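Next come the structures, one after another.
What follows is a pair of complexes built around chain A, which joins chain B in one and chain C in the other.
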Partner chain A sequence: MAQLISLMIDDKPVKVPEGTLIVNAAKKVGIDIPVFCYHPKMEPVGMCRMCLVEIGRPQIDRETRKPVLDEQGNPVIQFGPKLETACTTPVSEGMVVMGMSDKVKKGRQDILEFLLTSHPLDCPICDKGGECPLQNLTMEHGPGVSRFLYDEKMHLAKHYPLGDLILLDRERCIQCGRCVRFQDEIVGEPVIGFEQRGRSLQIETFSDPGFDSYYSGNTTDICPVGALTTTDFRFGARPWELKPVASVCSQCPVGCNITYNIRREARAGGRYVIKRVLPRQHEEVNEIWICDKARFAGYQYAESPERLTRPMLRRNGELVESSWDEALQVVAERFKAATGGLVTYAGGRLSNEDLFNLKQLTEGLKGQAILKSSIGGGVLVAQMGVAKGTDLGKLGAGDAILVIASDLQEEAPIWWLRVKQAADRGATLIVVNPRQTRLDRFATHTLRYDYGSETATVLAMINALESKKTRLPDWLAKYRPNRFQTAAAKAFAGAKNGIILFGQEGMDLPRSQELALACANLLFLTDHLGSPNNGLIGVWESANTQGAWDMGFRPSTELKEMFSSARAVYVVAADPAGDDPSLADALEQSEFVVVQELFLTSTARLADVVLPVTAQPEREGTYTTGERRVQRFFPAIPAPGGVIPDYEIAARIGERSGLKMENRAASLVFAQLAARVSDYEGLSYRSLAETHEQWPIIGRDDLYYGGTAYENTQGLGVQLMPSSQKRKIFQVNWQEPPVRVSGKGLLGVPITRLYDRGATVTPSRSLASRVPGPFILVNETTAQKLDMHNDAPVQLMLAGSAYSAMLRVDTAVPESVVLVPRSLGIPLSELQPVDIRVAETTPA
Partner chain B sequence: MLKEIVRGLSTTFRQIFEKPVTIQYPEVKRPVRPRFKGRHILKRYDNGLEKCIGCSLCAAACPADAIFVEAAENTDELRYSPGERYASTYEINLLRCIFCGYCEDACPTEAIILGDNYELSFTDRRSAIYTKEMLIEPVKPGGKPTPQKVEPGKFTRSIPDMQDPQD
Partner chain C sequence: MNLLYEKYAAEIKHILAKYPADQKRSAVMPLLYLAQQEQGYIQKQDLQMIAEILDISATDVGSIVGFYTLYHDHPGGKHRLQVCNDLPCALRGADEFLEKLCENLGVQVGETTPDGLVTIEAVMCLAGCDRAPLFQVQDAEGIRYYENQTVETALQLVEHWRSDGATPAPSPLGLRAGQEKSSTPLPDETVTGLSAEVRDETASDTAATETQETD
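Now for the complex of A and B:
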C-alpha cells in the first residue's frame, strides 16, 4: 500500500495515496477540476491548460529541512507565481490547492476564449451538443463574450470521413489529442495522428482503409467536442431526447456492458428504436470501452424487415403462416411422439433462461441437448475456470497470461485490449499461435507450432517444468520441449498469477477438448488454480456458450448421424444447414425439423415448423461470459407483435407435452435455474443487479472527465466460483492425443474474423462495407506455387465441392496452409486438405 | 334628477350614431397585433431553402412537449437547408401547444415563427398534429422548392451571420 499523503483542496482535507494526480484527488472528494486533454485512463499530457490551479507548498527551511511555521504554529505556504496544471502534478504532503480563486477563474476564462477562437458556433447541429464538455465548461467557466473577430474563424472540412464508421469535423477539433493517445497508448494501433503544426494542426488517418481499428468508436466517446462522431448516429437525435437502457453485448464471450439509447421514431411508426450503443462502465469486464462490432452491429438486426413475426407450418410442401396454438400443438405432439428421438440443437446466442428451459424440455422428453460450438472444454472451464474475483485489469508485473490458438483481437477484441494492457503493466504475455497475430507485438514469449500440434506444444511445456506435482504419464516423455518452450513454461510457472486463454484458431471439437485438458493440467501443475486471477478461459464463439455448457448442453462431433437418425430435430438460434451443406442433407433425412429463429435461415427454409422469437434487445435475460460472470440484460425496445421469447416457447411446448415448466417471466425461470444448477446457487435477478462504486467515477455531470460512457447503475453481475475454488479439489486426467496423419498438399484451416456474416451482423448498415465476401489467406510462396496473385478470384475445392472466394496474400500465414475465415460462406470446420483452382467466373 | 337622466340618455344616443365595435367574423377579420402568437410557420430563405436545420432546440424549449423533430443529412444533390442537417420530420401537436413562443426564442436560425393564423379547429386528435408540409411557408417567387440540387461547396454552413432579432 502506497503511503497516504494529506493535502487541502479548496479548504477540504484530502488523503490519497502517493503519486495520485491533483485532479484525481479532487475528484475523490467531489471537487471538479475541469479538463479537456486529461483522461483518467491515459497518461497526462497537460496540453489543453484547462486544469490550471493555484498550488501552494509548505515553505521548507533550508538548514533544518523542516517546514517553516508562522506565529500560530501553522506551516507557511508558498504559492508559485504562476498557475500549474492539476492533471500532471502529483500530490505532495501539506500541499494547498486553490481551484476557485479569482486567478484560477480568470485562467479558465482565458483558456476557453482561446479554444473558442476557431470553434464553430454550430452546437445546434452538432451531435455532441447537449453532452459536450466544451459546451458545458464554457457555460460554467467561459467568458461570455470573445475579443476575437468572428470573421477570422478558420473554415475547415466539416464532413471528413476518417473511415467508414467515424466522421471528423476539423473545425470542431480542439487538438486535445485524446483520440490519438487512445489509439496509441491504450490500443497500441496508432492509425490516427496529428499532421502539421500550430494553428494548422489537424487529425489525419494513416491506415488503409481509414481508421482501421476495431476500437475506433471509443474515440467518439472520449472526444470532448463534436469533432469525432459515428456514422450510425449521424444526426440521429439530440442526446437529451434519448433514454438509456442497460444491456450486455451479445456478440462475443467478453460480455461487455453496454447501454442502448432509445427514442421514439416517426420513421418507425412512432415505435421506440435503438439510436446508438454506448459503453456502460464495468471495470472488471470492459472498463469503459467497447469494440466496433458491439457499437455498430449489436442491435441493427432487431430492426431488420426480414424478421420473422408469425409461426409457419409446412403444408403440402410449402411453409404457410399459422397461429401459435396450432404450431405449438403440432410441435408438442411430434416431440412427444418422438420419444427419445428428439435432438435439441441450440446456439450460444440464447440466454441462460432459454437454455435452461430448452434443457428441461429436452430432458423431460428424453432427448439430447446439443450445443452449437466447434470448440470444446466448457466442462473444464466450469471446473478449472478463473476464480471468483478475477479481473484482467489487475494483472501486471509478476503475473503471466498465456494465449494459445487464438487470434484474440478477432475473436474477443476487449479481452485482447485487456491482455495487451496487462502486458503493458509488466505481465508476462506468452502467445502461442501458428502465425503472427496482433498480440505478438506485446508478447514476452512467442511460440509457434504447426497447425494441429497445439496440444503437443502445451504438453512439451508441461514436460519442461522443473517441479512435478504428480506423476506424469510415460507417454508424455515423447513431447520434448525446445528452449523457447522451456523458457515460456518456466516464466508461466514462476508467475504469481497465471491465466490461460484458449481460442478458436484452427480448432475443431476433439482438438480443442484435448487442448483445454492440456491447458488445465498445465495450470494445475503450475499452481494457477482456485484463486482469483488464475485459471482457464475459453474464447468461445458466442456470447453465452459458457452458459450453455453450464446448463448442460454439449457439442457433438456426430451431428450428421444425429440429425439424419433423429425423429425430431429442434434447432434454436443456429443455422446448421447454412453452416454446412452436408448438415442440410442430414436434416432433410430427419423426420421432423422445428426451427426457432429471428430470420428465415437456410435451416428454417427446410423446416417443418418455424417459430419466430424476440431479439435480445427486446427481452430480459442473463448471459454467462467466458470468465463465468453472470450478467443481466434488460428489454430496450418493444418486440414486433406475434413473437415471444425462446424460454417461453420452450415452456409452452413443454406444457403441451405434459411437463411442468415456467413460462411467465425470465426472472421466474432464473429462480428455478438457480435452484437446480449448482454453480448458480443463490443467484437472483436482484443479486445480479447490485453495484458498487467504481473508479474512475464517470458518467455523471462531469462528462469532460471520462467521456460519454454510462455509469453502471443497473448491475455488475456475479462471477461464479469454479469447482476448483469451491472445494480445492483438483482432478487431473491425462489423455494422450491421438496421432493424426495429415495428407500432403494444402491444409485448410478455419479461423475467426470479427466482422463475419453471422445472422446478427449481416443486417448492420454501418458495418456493411467492412464485412468482406468469402476470402482465403495464403502466403507469398504458396501463392507463387499456385501461380496466383493477391485479390485473385479462386475456387476452393473442399470435400468435393467448389466454393468461390478471393485469394489474399498474407505474409503471416505458414507455408502450404490456407486460412479460411468462419461464417463467410465456406463451410470449413476442421483441419482438412483443400485445393485451390483458378475461378472460371468471378465470384459475385 | 332630470339632469342625471338627460346625461345618461345622452350617452346612449351618442353611442347609437357611433361606428359599431363588433366585427362580422368570419366574413370580416380584424388584423392581429404585431406580437400576436398564432399557428407556427416554418420559414424559407429567398432562394427557397428551408431555414430549419432540425436541431430540435424548439422541442427542447417547448414546455408542453408539443414539438417532435427528426433530422437527417443534406447532400448537394438533395439539399433542404444550408449546412449539413435538416429536419426530415417536423411535427407540432397544436392541441398541446400553449402558444408561449419559446420555440421562436430557442430557434438559432429564426426558422420558426408564430404566425397570424388563430383559426385552429380539429375534428379529431390526429388532425391536430401539423406536419412539416403543413407548417412550411410556400416558396417565394424566384426561389426553388426543396430538395434542391445545388453547386457543391456553396451552402456549407448551417447558421448564417445573424442579424439583430426583430419582432
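Now for the complex of A and C:
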C-alpha cells in the first residue's frame, strides 16, 4: 500500500496514495477539474491546458529541511508564478490546490477561447450535442464571447472516413489526442496518428485498410467533441432523447457490460428501438471498453425483417403458420411419445434460465441435453476455473498468463485487450500457438507447435517442472521439453498468480478436452488454483457456453448418430444443418424435428415445427461468462407480437407433457435454478444487481472525464466459486492423449474470425462491409506449390464436397496448412485433409 | 515485396546499422529521406514499405512526413524555396518578404512556377530567427540556407537557376550579414539543429552509396 499524502484542494482536505495526480485526487472528493486531453485510463500528456490550477507548496527551510511556519504556526505556502496542469502533477505533502481562484477562472476562459477559435458552431446538428464535454465546459467556464475573427475560421473536411465505421469531422477536432493515444497505448495498434503540426495539426491514417481496429468504436466514446462518430449512430438521434437500458453483450464469453440507448420512433410505428450500444463500466470485466462487434452487431439482428414471428407446422410437406396452442400441443405430444428418444440440442447464446428449463424438460422426458460446442472442458472450468475475485486488470509484474490454441483477438477481443495490458504492466505472457497472432508482439515467451500437438506441448511443459507435487504417470516421460518450453514452464511455475486461457484454434471436441485436462494439470502442479487470479478460462464460442455446461448440457462427438436415431430432435438457438450438411442428412432421418429460433435457418427449413423466440434485447435473463461471472441483462425493446422467450416455451411444452415447470418470469426460473444448481446456490436477481463504487468514477455529469460510457448502476453480477476454491484439495486425473496419424497433403484447420456469418452478425448493417465471404488462408510457399496467387477464387475439396472460397496468402500460416474460418460457409469442424482446386471460371 | 528495400538494400542496411536492433524505428527519418530522393516527394506506398522495414505502422511513418518541412507528400518544382514565417521571423519582415516574393513570381504560397522551376512554401521554424528573412532551398543538390535575404536577392537566386547558372548566384549569407558579421562567416553557423544532422547523414549516405557503386 502506497503512502498516503495529505493536501488541500479548494479548502477541502484530501488524503490519497502517493503518486495520485491532482485531477484524480480532486475527483475522489467530488471536485471537478475540467479536462479534455486527460483520460483516467491513459497516461497524462498535458496537451490541452484545460486543467490549469494554482498550486502552492509548503516553503521548506533549507537548513532544517522543515516547513517554514508563520506567526500562527501554520506552514507558509508558496505559490508558483504560473498556473500548472493538474493532470500531470502528482500530489505532494501539504500541497494547496486552488481550482476556483480568479486566476484559474481566467485561465480556463482563455483556453476555451483558444479552443473555440476555429470550432464550428454546429452543436444543433452535432451528434455529440447534449453530451459534449466541450459544449458543457464552455457553458460552465467559457468566456461567452470571442475576440477572434469569425471570418478567419478554418474550414476543413466534415465527413472524412477514417475507416469503414468511424468518420472524422476535422473542424470539430480539438487535437486532444485521446483517440490516437487509445489506439497506441491501450490497444497497441497505432493506426491513427497526428499529421502536420501547429494550426494544421489533424488526425489521419496512413494504414491500409485505414482505421481498421476491433476497438475503433471506443474512440467515439472518449472523444470530447463531435469529431469522431460511428457510421451506426451518426445523425441517428439526440442524446437527450435516449433512455439507457443495462445489458450484457451476447457475442462472446467475455460478457462485456453494455447499455442499449433506446427511443420511440415514428418509423417503427411509435415503438422503442435501439439507437446505439455503449459500454457500461465493469472494471473486472470490460472496464469501459467494448469491441466493435458488440457495438455494431449486438442488436441490429433484433430489428431484422427476417425475424420469425409465428409458430409454424409442417402440413403436406409445407411449413404453414399455426397458433401457439396447436404448435405446443403437437410438440408436447410428440416429445412425450418419444420416451427416451428426445435429443435437445442447444446453443450457448441462450440464457441460464432457458438452459435450465430446457434441461428440466429434457430430463423429465428422459432425453439427452446436448450443447452446441466444438470445444470441451467446461466441467474442468467449473472445477478449476478462475477463482472468485479474479480480475485480469489486477494482474501485472510477478504474475503469468498463458494463452494456448487461441487467436485471442479474433475469439474474445476484450480479453485480448486485458491480457495485453497485463503484459504492459509487467505480467509474464506466454503465447502458445501454431502461428503468429497479434498477441505475440506482447509476449514474454512465444511457443510454436504443429497443429494437433497442443496437448503434447503442455505435457512437455509439465515435464519441465522441477517441483513435482504428485507422481507423474510413466507415459508422460516421452513428452520431452525443448529449452523454450522449459523456460516458459519455469516462468509460469514461478509466477505469483497464473491463469491459462485455452481457445478454439484448430480445436475439435476430443482435442480440446485433452488440452483442457493438460492445462488443468499444469495449473494444479504449479499451485495456480483455488485463489483469485488463478485458474482456467475457456475461450468459448458463445456468450453463455459456460452457463450451458453449468446447467448440465454437454457437447457430443456423436451428433450424426444421435440425430439420425432420435425419435425427436429439439434444436434451440443452433443451426446444425447450416453448420454441416451431413448433420442436415442426419436430421432428415430423425422422426420429428422442432426448431426454436429467431430466423428461418437451414435447420428450421427442414423442421416439422418452428417456434419463434424473443431476441436477447427484448427480454431478461442471465449469462455466465468464461470467467464464471453470472450477470443479468434487462429488456430494452418490445418483442414483436407472437414471440415468446425460450424458457417459457420450454416450460409450456413441459406442462403439456405433465411436468411441473416455471413459465411466469425469468427471475422465478432463476430462483429454481439457484435452488437446484449447487454452484449457483444463494444467488438471486437481487444479489446479481448489487453494485459498489468503481474507480475511475465515470458516467455521471462529468462526461469530460471518462467519456460517454455508462456508470454501472444495475449490477456487477457475481463470480462463482470453482470447486477448487471451495475445497483446496484437488484430485488430479491423467489421461494419455491418443496417438493420431496425420495424413499427407494439405491439412485443413478450423479457426475463428471475429466477424463471421453467425445468425446475429449477418443482419448488422454497420458490419456488412466487414464480414467477408468464404475464404481460406495459406502461406506463400503453399500458394506457389498450388500455383495460385492471392485473392484467387478456388474450390476447397472437403470430404468429397467442393466449396467455393477466395484464397488469401498469409505469411503466418504454417506450410501445407489451410486455415478455414468457422461460420463463413465451409463446414470444417476438425483437423482434416483438404484439397484446393482452381475454381471453374465459367459456370455451365 | 518491398521495392524500396530491393532497390536500396545496401543503403538501408547501412542506415539500420546506426541504430540498436531493438530501436530500429529511429531510422525512420533517414529512410524517409532516402525514399524522397526517388521522386522528390514521398508517395503513399513508401510509407507502407518503410513501415514494413521498421516494423511500425504506416500511420506512424506518415505522421513524421507531415511534421517536418524536410519531407514532401506531393510533387513540387525543381527547387523548393521554403521561407520561415513563424512569429520571430515575421517580426523581421518575413511575411512581407514572402508576399512580395510570391507576387514577383506570380504564384501563391505552396504553388510552383509554371515552368516547374520553383515551389514557394511557408514553413515552421528554421532556427535562424535573428537572420530573418531567411529560407532554405531543397533540391537535387541537398539543403542550403539563405539568410538575411531581400526580395531582390531571392529573385536573383531564381534568375540564377532559370539561366542555368549564367547569372551570378547571390550570397547565402545575405547582404546585411556580409557587412555586419564578416568577421565570423563560419559555414557551420549556417546550418543548425535537425536539418544539419540530416544533411550530414545524407551526405555520408551519399558517400556510402558512391562507394557501393564503385564496388
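Convention: the second predicted complex is superposed on the first by the 840 of 844 C-alpha atoms of A that agree within 3 Å, B and C clash if a C-alpha of one lies under 4 Å from a C-alpha of the other, contacts with A are read in each partner's own complex, and residues count from 1 in each chain.
We take it that a contact is a pair of C-beta atoms (placed from the backbone, for glycine too) under 8 Å apart; a residue touches a chain by one contact, two chains touch by 3 or more.
As the structure is a computational prediction, the values presented were derived from the model and not from experiment.
*Asks:* Following the overlay on chain A, give me a clash-or-fit verdict for chain B and chain C.
*Replies:* By the criteria stated at the top, chain C and chain B fit after superposition, with no clash.
*Asks:* Roughly how many degrees, to the nearest 10, is the angle at chain A when you join its Cα centre to the Cα centres of chain B and chain C?
*Replies:* Between chain B and chain C, as viewed from chain A: 80 degrees.
*Asks:* Based on the superposed arrangement, let me know which partner A:F235 touches: chain B (first), chain C (second), both, or neither?
*Replies:* first
*Asks:* Looking at the overlay, what does A:K158 touch: chain B (first), chain C (second), both, or neither?
*Replies:* A:K158 sits against chain B, while chain C stays out of touch.
*Asks:* If you tally the residues of chain A touched by each partner, is the higher count for chain B or for chain C?
*Replies:* Residues of chain A touched, chain B against chain C: more for B.
*Asks:* Using the superposition on chain A described above, determine whether A:L121 touches chain B (first), chain C (second), both, or neither.
*Replies:* first
*Asks:* Is A:G193 touching anything from chain B or chain C once the two structures are fitted on A? First, second, both or neither.
*Replies:* In the superposition, A:G193 contacts chain C only.
*Asks:* Once the structures are superposed on A, label A:D292 by its partner contacts, choosing first (chain B), second (chain C), both or neither.
*Replies:* So A:D292 meets neither chain B nor chain C here.
*Asks:* Could you state the shortest Cα distance, in Å, between chain B and chain C after the structures are superposed?
*Replies:* In this superposition, no C-alpha atom of chain B lies closer than 23 Å to one of chain C.
*Asks:* Can you name the residues of chain C that touch chain A in the complex?
*Replies:* 44, 47-48, 56-63, 65-67, 124
*Asks:* Touching chain C in the complex: which residues of chain A?
*Replies:* Spelled out, the residues of chain A in touch with chain C are 189-198, 200, 204-208.
*Asks:* Quick one: in the complex, what on chain A touches chain B?
*Replies:* My answer: residues 120-122, 124-125, 129, 150, 155, 158-159, 234-238, 240-241, 265-267.
*Asks:* For the complex, which residues does chain B have touching chain A?
*Replies:* 53-57, 59-60, 68, 70-73, 83-85, 88-89, 91, 108-109, 156-159, 161
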